[in-house]
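Each of the next two complexes has chain A plus one other chain: chain B in the first, chain C in the second.
On to the complex of A and B.
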């Protein structure tokens, strides 16, 4: 980075435009690109590239541990796909050395529960947030006194660290807490399977709907007013204008917001880890894929690496489907918003 | 479907505040303000409850009066008390150090990459931009296993670098993406004009571009800092007593009785953590919204 910094102050070259392109130092002519992006690429290769490759390698290694059949300590060694089948097919090593279905309580048997919970949170939260986010965005889009106050209020749930949010909702959903008081109920929110899932969804929707609304609002702001004017002149009702103008025109921004949120909920960890500790119901009603990885880490790195690789590939595939088939074009959409905003 | 009946806003927009003076009662206006009130309550009510509880005597933890009652500062004293093994004060310091260093590193590398992405044409530019966006959406859980093993082997657990290095993985892409958006809106022509007026390239950068870019740089730094400050997953696995940040400290906060949550003290600790963030958000609300919508920041 420091080399690059000194290059900015490098030679105030005499005006010789035809020679500039060759120079690595002249920033305004595109010559210095490799040097400008190198620090970033090197850093990302270290902090993301290395761990990902390492995780894949680890996932094909056996976790050292005690062999149940012999009682002897076995070192690692190549594992083939056994770490993957441990999760995907819930296969554990049997006493004789073969494989058997993982017993209840073994983390391997929790994979599909965790997958269900993660996908369930994602689908339900994002569906609620689309509706609420659209509504919030349309209100924020109107002209009124105190828009600044509204936007600041909306940013507060976003700014509070999720760890604090989780503790806050843990208190709100406590047995003697205000949620039961307001609802006149006596529910052990974090104990039941569905009540704990509900608590997670409510807390997360509270925190992230404002963010969703801001992303949708950015899309609303580029719809030209005269489109609405023309529709109104033609006698379109408010509902017709919403369905036939607002929705189609805001769709690119909406898709981007949905993509961001889907990828975000698929990796959800902080909230269920603190609010319900992954528990509820029979003990794993709010265990997500990320929580399962963390639970596994201290029981065996390599098996955890396999699970984190599965999680990563799954999230990657979802993102791929969104971009490829559902037309969530982040870069183009945001470019359009920028141009529209100018 | 109250939200869909936007009958007046367009008209109001064009006429501006002039029409607002004589404007009489309108249902649409009422609906707007009802909606606004709902959103403000949505945003503030739970946070308000945290603050009210933070100031409430521990004996009245579950008092459900909506305004402050049994007001005391004891909870803040408990939050900073170290006799139960909580080191909240230290954790604040750790979080500041981790946040500042992470932000500084991300900005130092990111500003050059963002400049290239915003100002220069080169092959693979959109691939790079897409890659950086993808990196900002990267699940941290995919990093934590190999890093945990590596840092354990080389004795880095309980050191700052064990938290700062993985934090770069989200802070840097975030920084680049937001900065690229800010840089694109800069009036770069002025740089050219300054050159024509006899400035050197460095002078043009220092005297013209830097002051103009300062608000964008500052906002980006705030957003990167907030992201690092709020991080929990990596910190919960890779930190130790000497580096534990506030998010982990609050999650693990111990009460005087085992299995009994010290709610009021935790709410006090939460209030302390949130107040600086809220002040920053209120002060830079407009810029932050611009940065947020450009970067798609996770919370």
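On to the complex of A and C.
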């Protein structure tokens, strides 16, 4: 209602200037924009659009089946949604046609375990990294001698390539490794279900907390000192200053950091692939969605395409929720930073 | 705005069309093409760690100046080699003329129609080759590749503690009290969940008279009492500590290190360990170990070791198959088979090499290795090998850890293999 009211009260629109012919190359009038963005759009279409579309198309094709007479593989034909039900409902093709529940040892039976593992890693790792990252960032934010040295030191785990990190922790968590030596234990770290998950989380948190801390540090640095001084004058305690000033003001930067890390962990492949080979427990306690995709690629591309499409949609939805409802907005944060800098 | 969006769509579609035309598999037309054609070819193989291939190709090129072979070296990771080959075959790349394939990939590549059947004009003489190695290269009754190098599981034992190596599994388990007396582990193989586990499990199954798949490479035969008894032996050994519990995390290297550190009485491993255990600075067992064929069931027949190794195959997309064929025969030749042993310590596929006294003097494990290979059984020759090995690994691993009964593991293994082939 009120909208209509304002409409009525709005001043009459100024007369439109006469439309001039836009030239495709005349940049001063905004006419060249399509030409300028076209190279980027074409490049994106090739490197991102094409694989995504192709994967969706492939996911509705059956994997090649064996022609019993010749012993050769022949194209599988249209699959409908069977590649998707294979993963989501763990349905496999039965010997005589029809469907049956995928038996253990078939990748279809591992989808929900992999989904659980991936989400579990994401939630636990990101939660720990928020706390540790905030703590590291607060320390690095203070002015003291050797701050540069500390910042450089904190960065080291992040600078080591993941494959190297994974191999490093593989040796540490080996039966004859340092972890058992220091703790005086005889734990088979990479063989137990929860010990192998712990190993993955420990190694990944060790590696990526610096990244989190740096992004949060950038957020801390744009909070003006006078806000804290004013709060001090008003008699706010250190805890009150942290909860009521630091946290709300660092939140945009924090949300972006969390978004990056959540998307990272949802796609995690290299660390568990090298550290535990997806094993532990009864053999799949650290298998993530990405590991499952790679396993399936060796058994059939089309089914793997369905799985990667499911993974893609899942991660896309998570990112969407973050940006839309939780306010993790990369662009707004950048603008806020620019304002802060001014 | 809508206009701009339309423009972007057009641009995107224009970019997509030429790419969307890829795909399709190998046809039988390719198998008949270029059979008499000669010219330069490319040989593709994983990393040439011990410098065998380069000198061999140099020798070939000197003798065949018009049919020179170029060496394309892949990485040293088996998975990466596999994926690289698949990509080039899918692209029908004529640049991959002769490819080196792991024994377990041969059936898969043959069933995809990527390998030239070695019959008629392309036939390769397999007389004098070890039969088990020829079997790894045969799919559906047709030879698709030429065995190039072999490999087989062996039993390493501490001859200072056990003068006579055990001939049967039961004897070996009885010897475990010696290990206990010396406060060391008794037996270990490769029991982490990876391809090595498949090797160890199929060894146990085959030794006990079971099998994994039938002759067609597709029908599961693993749900049998014999096969179950094989897996049961390993499960029991884990349970009573004859296999130390940390062996569930062992790949080849961890087992070798434990053996060289004197922590193991028996070790199942590949021939490469022999030289290392003799020469490694950290090895405390340099003169204290011997090798034997794997223990069997009855004592008359040694265990059925798993066969490793590589076969050389001709791509159906090759432009110069006559040259490729001659190069395959060159890899089978006495000269090359001897050279790969002396230069790279690889196990030859030609039986005569194992009886050559000058070679035995140099490599005194050869007679034992021959016995092992003669009794060896290839891993399942199946076009669905990746699914088969996954079924074996997942279920046997759960059984070894005690989270699944042996009977259930065998049933699931069988069901998972059946599912793979009925999709």
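For this structure, a couple of remarks:
Note that the second predicted complex is superposed on the first by the 290 of 342 C-alpha atoms of A that agree within 3 Å, B and C clash if a C-alpha of one lies under 4 Å from a C-alpha of the other, contacts with A are read in each partner's own complex, and residues count from 1 in each chain.
Methods note: a residue touches a chain if its C-beta (ideal position, glycine included) is under 8 Å from a C-beta of that chain, and two chains touch if they have at least 3 such contacts.
Just so you know, these numbers come straight off a predicted model, no measurement behind them.
Overlaying the two complexes via chain A brings chain B and chain C into a clash.
The larger set of touched chain A residues comes from B, when the choice is between chain B and chain C.
With both structures placed on the common chain, the touch criterion links A:188 to chain C but leaves chain B unconnected.
Contacts of A:123 after superposition on the shared chain: neither chain B nor chain C is touched. Within the superposed three-chain model, A:247 lies out of touch with both chain B and chain C [touch as defined at top].
By the touch criterion stated above, A:62 is placed in contact with chain C alone, chain B being left untouched.
Of the two partner chains, neither chain B nor chain C is touched by A:317. Judged by the touch definition given at the top, the superposed model places A:177 against chain B, while chain C stays out of reach. Applying the stated contact rule after C-alpha superposition, one finds that A:283 touches chain C and leaves chain B untouched. In the superposed pair of complexes, A:326 makes contact with neither chain B nor chain C.
When the two structures are aligned on the shared chain, A:106 is found in touch with chain C, with no touch to chain B. Chain C is struck by only one stretch of chain B after the chain A overlay, and of the options 110-118, 146-154 or 200-208 that stretch is 146-154.
Residue overlap on chain A between its contacts with chain B in one complex and with chain C in the other: 33, 37, 46, 50, 54, 174, 176, 297. Listing the residues of chain B that touch chain A in their complex gives 1, 3-7, 9-10, 12-14, 29, 32-33, 35-36, 39-40, 42-44, 46-47, 49-50, 53, 61-62, 64, 105, 108-110, 112-113, 115-116, 119-122, 126, 128-130, 132-135, 137-150, 165-166, 168-169, 172-173, 176, 181, 184-185, 191, 200-202, 205, 226, 229-230, 232-233, 236-237, 246-248, 250-251, 253, 261, 263, 266-267, 270, 273-274, 277-278, 280-282, 285-286, 288-289, 292-294, 296-299. Contact residues on chain C toward chain A in their complex (touch as defined above): 4, 7-8, 11-12, 14-16, 19-20, 25, 79, 82-83, 110-113, 139-140, 192-194, 216, 218, 245-246, 248-249, 254, 383-384, 386-387, 390-395, 397-398, 401, 403-404, 412-413, 415-423.
For chain A in complex with chain B, the residues that touch the partner chain are 1, 4-5, 8-10, 12-13, 26-28, 30, 32-33, 35-37, 39-40, 43-44, 46-48, 50-52, 54-55, 58, 134-136, 138-144, 146, 148-164, 166-172, 174, 176-178, 181, 206-211, 214-215, 217-218, 225, 228-229, 232, 238-239, 241-242, 246, 256, 260, 263-264, 266-267, 269-270, 273-274, 289-290, 293-294, 297, 301, 304-305, 308-309, 311-312, 315, 319, 330-331, 334, 337-338, 342.
Those residues of chain A that touch chain C in the shared complex are 33-34, 37-38, 41-42, 45-46, 49-50, 53-54, 62-66, 70-76, 92-95, 100, 102-107, 174-176, 186, 188, 190-191, 277-279, 281-284, 295, 297-300.
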